[in-house]
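Two complexes follow with chain A in common, the first pairing it with chain B and the second with chain C.
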Partner chain A sequence: MKKKTKITLKSYLWSSPSLLLIGLIVVFPIFYTAYISMTNMNVYHWFDYTVIGFDNYFKALFMFDSGFLSALLATIIWTLVNMILQLVIAYVLATLLNNPKLKLRRFYKTLLMFPWAMPGYVSILLWKTGMFNTEFGLLNQLMTKLGLATYHWLSNDLSAFICCTIVNLWLALPFMIMIIDGAMQSIDKSYYEVAKLEGANWIQRAYYVTVPTIKPIIAPAVIITIFTTFKQFDVVYLLTQQAGSKTGSGFHTILTFAYENAFIASNYGYSSAISIIIFILLIVFSATFKLKEEGDR
Partner chain B sequence: MKKTIISLLIVTLIATIFCGAVGCNPTGNTDPSSLVIWHDKEEAVITPLQDYVKKALPNITVTFERKSSLTDSLKLVGNDPNSAPDMFIFAHDKIGVFAEMNILTPVTDIIGEDFKSEYLPMTLSAVTYKEKLYQLPLYFETLLFMYNSKYMLENEVPETTDELLEYMKNNTGRGRYGFVEQHSTAYYSAGWIHAFGGCIIDDSGTPFPNGQAVKDALNYHTQFVNLMPGESEYNTVNTLFLNGKADATIGGPWMVPSARDAGIKLGIAPMPTVTGTRKSLAPYSGVQGIHVLKFAAENKAQTVKDFLNVLTASEVGIRLAMASGCAPAKTDCYDDERIKKDEMVQIMRQTAEIAVPMPNIPEMDVMWTVVDSLLIDVNLKKKNIDASFDTALEKANSLIDAMK
Partner chain C sequence: MTKKPKEIVGQVFLNIFFIVLCFITLVPILYALSVSFSNQNGLLSSDFSFIPKDFTFANYKEVLFGEDIMTWFGNTILLAVATVGLSLTVAVPAAYCFSRRRFPGRKAIIKCLILLNSFPAILSMFAIYRLLRPLGLINNRLGLIIVYVGTMSVFSLWNTKGYFDTIPTALEESAQIDGANTFQIVIKIVLPLARPSIIVTALMVLIYVWNEYIYATTFMTGEKTYTLAAGLNSLQATEMQGSWPVFAAASIVVSLPVLIIFFLCQKYMTSGLTAGGVKG
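Up next, the complex of A and B:
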């Protein structure tokens, strides 16, 4: 028993630098935000703030009017659409990359990883000006050449949603392709040989062999991507809601909505309360998803 | 022995992480012979300033540090002498925020009131918050009416907005525009609102105190917007003008070097007058200058005083104007022969008479977004002006409430 305690203590000692770092970088900010959310820290009480209890939460819940609910709904649809498209497209591309007859496979893989190598901010602004801009964008240039009227791609909710989805897919697909491609390469080839002998066609082999085999491998990546998509800010904000270059679209995720309706007020107590509410929403979402995953197993 | 060394290393690592996180230097920067100044300016502004200060104050080491997110950094460390600078150079519109945060010292507490008589009244009013001057103005920027004289001839330069509209109707089409501006952003639209007697927010923090004037301005402005591209962001508008696809624009002095590089035959004219109100488009102005942080004012009083006194010299403004084309805040700089020849600086001096300083109260922070949304609703979504205005007013009040 004594030896066991010693081993346990030692293991904590060895891992203490990492634990301390995680504590400082991950855990401390969460608790500090929760603490600030209970104070009146704002421009008028920047350094002399006091604890005011749950006032900011009441104010924040009052702010969560129909605008917030429609943003929440839009965020759920945005997450679902993006995830389905990402999985389908990444699966198809990974399957094609794993075709033994494919030549220049490494070249295609490098090409598909390219969006990942570019900083997201640069990519988004390039899409905005290079593709969707009404005056200089490639899409409108093509439409002009075809004799069609130009279109303001980012101005209405639906077209802005589609444009944001395209950019998000462009940014996120390399990760998913890489994971699915890696998972596919780990499948024992004899499974396919047996399936072929049994007379399974391409779709049946995919359904009965590939998908069940790669599912546990890609599950963590899918969960990570669901959360990064759910809390997406950059793509939607930079394409449509950036201060000084708003496009007229009303499409908001919960984060862009919270930014426009709370964070700009420089009331850190209030903004922290909203952050904690969004954090709780994500935790609930995460727990529900994980429970479902475990239930499926 | 090996285990002891590893244990010691781990303890050292933990201590380092902890010190890094909480900061273990309790002393602060109190050396009176050195000053640290944060800024977000380009070299053209800082180099002449640095050179002048170096000669005028050889015994003081002044370090200019460029910060990309200066205001955010100050919000975090403004009261921490270990991390904060002694002073910073920034536009006047954040004065209210920093004064309320209690990290600024009024410059008049350090160098007195005498210098005020030598400065343009607009610059002094810009830097005054709750009757105290929190900035020593160096120069100001404002928007200018610019035209490409290859396309817009001297006799076509509009003196009134009706003339401008007529010009736009005659010269817009087939991928070309008679006039472009960032029609749906608050900073650019403020000039139109002011010309109708309205304003975005008043000194007491009341949004749109004269709502009817704002609505009239929006209504009148839409006929111009209809002749401009739907895209109103900075890059599109500038590129159209710099590529010769737009004959005229309203832009800041920062556009001038790019226009000259692009080979544009640049003309600068006074702002057109709105025919109905007989008032010129009155753009916002931004006054750039030095702000002093409390810690420096208390611990390096004499050094800060010497530094500020040096910057009140007219030569500083003249050198800045010559190096970067900005308009000095001191009145007598404009009498200098070198400055008299600079058409752009002289027109900015004229515009200073009508320009409205950006509000410096903290409430203005939320109004940029509110007005942007209002302009988008009216100009791009073609929504009803009254309804859009009511929505904007409600949102402004709610965000201002949320600040407290």
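Up next, the complex of A and C:
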């Protein structure tokens, strides 16, 4: 009995620096944000803010013109479009890379890994200036060469959405190709031989052998990617919403929307309420995924 | 035998496809590389090529010998070393306790950590600002280090704990019988065995610090205290200002260390990224 207490105390003592830091930087902000979300703190009420209850939540969830619901909808579309494109393209490329006749596969793979290896914000800024910029951007140089008018790629919602998607795919595809490629290599080759003997064509082989076999292997990575896509901030913020050099696009993910409301509009109460809603959404998602995963076992 | 010509054609097409694909993928990087070696004036002419015109090292000279960037580089190294060191110092004992000891609250804490960690770090910024300002830790390197270590601490704890769990305890038990204390066991037996996970954790923290720009620009004001990421952010060339060739050269310089680390440790990367949040 006494020994057990000693172990408990010692364990907590040794873990305390880590737990203390987590408490300060991870846990405290959540509770503080939850508290601020109940107040009217904003640029006019910096110190004399008062508790106003659930008004901010009401504004976010039921007043359509407050912008949160449209940002949420845009984020869901963004996640769907990105995930579908990512999985399909990565699957096709991984299949081609796994062609036994491809002798230079290691070489191609290394080159294709570059976007993943580069620091993310550097790549995004390079895309912004090197590709989309009206003056030095390659796209506009190409347009000029073809005799077309230059175009502000990032200035309207739809084209900003497409540009962000392209950059996000560019950044995320190498990881997905890697994961699917690794999973494909773990498939026993004899399955394919049997399938071939049975007369299955390549679509049937993909549908009945490859996809079911790699599905459980790639599932964790895919789930993580769904979350990072849903929580995407850097691509959208750096390309279109940077303070001081906004491009005029209205496309927001929920994270850039929350950021904008806090740090540009100084509407802290409202922004905090959005943060808590996002947090609840994320928890519900991960709980659903976890239940599903346990159900599959 | 009759199949052969068709196969060769297929192979050629496959290789052409991949060469084109790799080229398209690398265009943004190649363009930046070419611009970084170009003379400023050469850029305005509209014929574009991937071979730099008016070849010059002037942009790199400006990046490497301009005072600011070297200061930013120093700041980043300082922050990165301190954050990685502190992260491991804090995470390893905690991970060892959570992996080897059984005590009340252990499971609850682990579950809570995973749950709470899904709160996006960027949304914590305002609260952390309010916490650190009264303590005088805004515009202070120590403040930024605390933020970085704290943000990465759930990952560090989780990642090292997960790996400790896979190490059999038999060695430790026999060392204990030989009279080694816990501290010796951790240093001499567990850590050497856990080297891959320690490396991955350190790398992830390092890359995080290297790439983080939002906290670095919000919490540190004044160009002297910028990190590379924050500084590069301020160097950006827009339509109105800034020099695109210098920015391109700076981007290449900032990316090189990360690229080198990445390709040296590539085999650890995939596992390091997926191990974190999954084994719940």
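As a working rule, the second predicted complex is superposed on the first by the 210 of 297 C-alpha atoms of A that agree within 3 Å, B and C clash if a C-alpha of one lies under 4 Å from a C-alpha of the other, contacts with A are read in each partner's own complex, and residues count from 1 in each chain.
The rule is short, and it goes like this: contacts are C-beta pairs under 8 Å (C-beta built on N, C-alpha and C of every residue); 3 or more make two chains touch, one makes a residue touch a chain.
Note that the coordinates shown come from a computational prediction; the quantities given were computed from them, not determined experimentally.
K.L.:
So in the superposed three-chain picture, is A:Thr50 touching just chain B, just chain C, both, or none of them (first/second/both/neither)?
P.N.:
Neither partner.
K.L.:
For A:Ser275, select first, second, both or neither according to whether it touches chain B, chain C, the two together, or no partner.
P.N.:
After superposition on chain A, A:Ser275 lies in contact with chain C alone.
K.L.:
Going by the contact rule set out at the top, does A:Ser155 touch chain B (first), chain C (second), both, or neither?
P.N.:
A:Ser155: touches chain B, not chain C.
K.L.:
Please work out whether A:Tyr12 is in contact with chain B alone, chain C alone, both, or neither, and reply first, second, both or neither.
P.N.:
Once the two structures are laid over each other on A, A:Tyr12 reaches chain C alone.
K.L.:
What's your read, chain B or chain C touching more residues of chain A?
P.N.:
Residues of chain A touched, chain B against chain C: more for C.
K.L.:
Once the shared chain is lined up, is A:Thr288 touching chain B (first), chain C (second), both, or neither of them?
P.N.:
Neither partner.
K.L.:
Applying the document's definition of touch, where does A:Lys59 land relative to chain B and chain C: first, second, both, or neither?
P.N.:
first
K.L.:
Would you check which partner chain A:Asn201 touches, where first means chain B only, second means chain C only, and both and neither mean what they say?
P.N.:
After superposition on chain A, A:Asn201 lies in contact with neither partner.
K.L.:
For A:Gly248, using the defined touch cut-off, is the partner it touches chain B, chain C, both, or neither? Pick first, second, both or neither.
P.N.:
Touch status of A:Gly248: first partner only.
K.L.:
After the superposition on A, what does A:Asn261 contact: first (chain B), second (chain C), both or neither?
P.N.:
A:Asn261 sits against chain B, while chain C stays out of touch.
K.L.:
Based on the A-chain superposition described above, do chain B and chain C contact any of the same residues on chain A, and if so which?
P.N.:
Looking at chain A, the two contact sets intersect at 14, 17, 21, 24, 129, 133-136, 245, 262.
K.L.:
Give the list of chain A residues in touch with chain C in this complex.
P.N.:
Touching chain C from chain A are residues 4, 7-8, 10-12, 14-15, 17-19, 21-22, 24-30, 32-33, 36, 93, 96, 99, 101-102, 104, 108, 110-123, 125-131, 133-136, 138, 141, 144-145, 170, 175, 178-179, 182, 220-221, 224, 227, 231, 233, 245, 255, 258-259, 262-263, 268, 271-272, 275, 278-279, 282-283, 286, 290.
K.L.:
Quick check: in the complex, which residue numbers of chain A touch chain B?
P.N.:
Residue positions touching the partner: 13-14, 16-17, 20-21, 24, 42-44, 46-47, 59, 63, 129, 133-136, 152, 155, 242-248, 260-262, 264-267, 270.
K.L.:
Tell me, which parts of chain C touch chain A in their complex?
P.N.:
Listed in rising order, the residues of chain C that touch chain A are 7, 10-11, 14-15, 17-18, 21-22, 25-29, 31-32, 35, 43, 46, 48, 89-91, 93-94, 96-98, 101-104, 106, 109, 113, 115-120, 122-128, 130-131, 146-147, 149-151, 153-154, 156-157, 207, 210-211, 213, 218, 229, 232-233, 236-239, 244, 247-248, 251, 254-255, 258-259, 262-263, 266, 270, 273-274, 277-278, 280.
K.L.:
Would you tell me which residues of chain B are touching chain A in their complex?
P.N.:
Result: residues 7, 10, 13-14, 17-18, 21, 75, 78-79, 97, 100-103, 182, 184-185, 187, 229-236, 239-240, 245, 362, 365-366, 368-369, 372-373, 376, 380-381, 398-400, 402-404 of chain B touch chain A.
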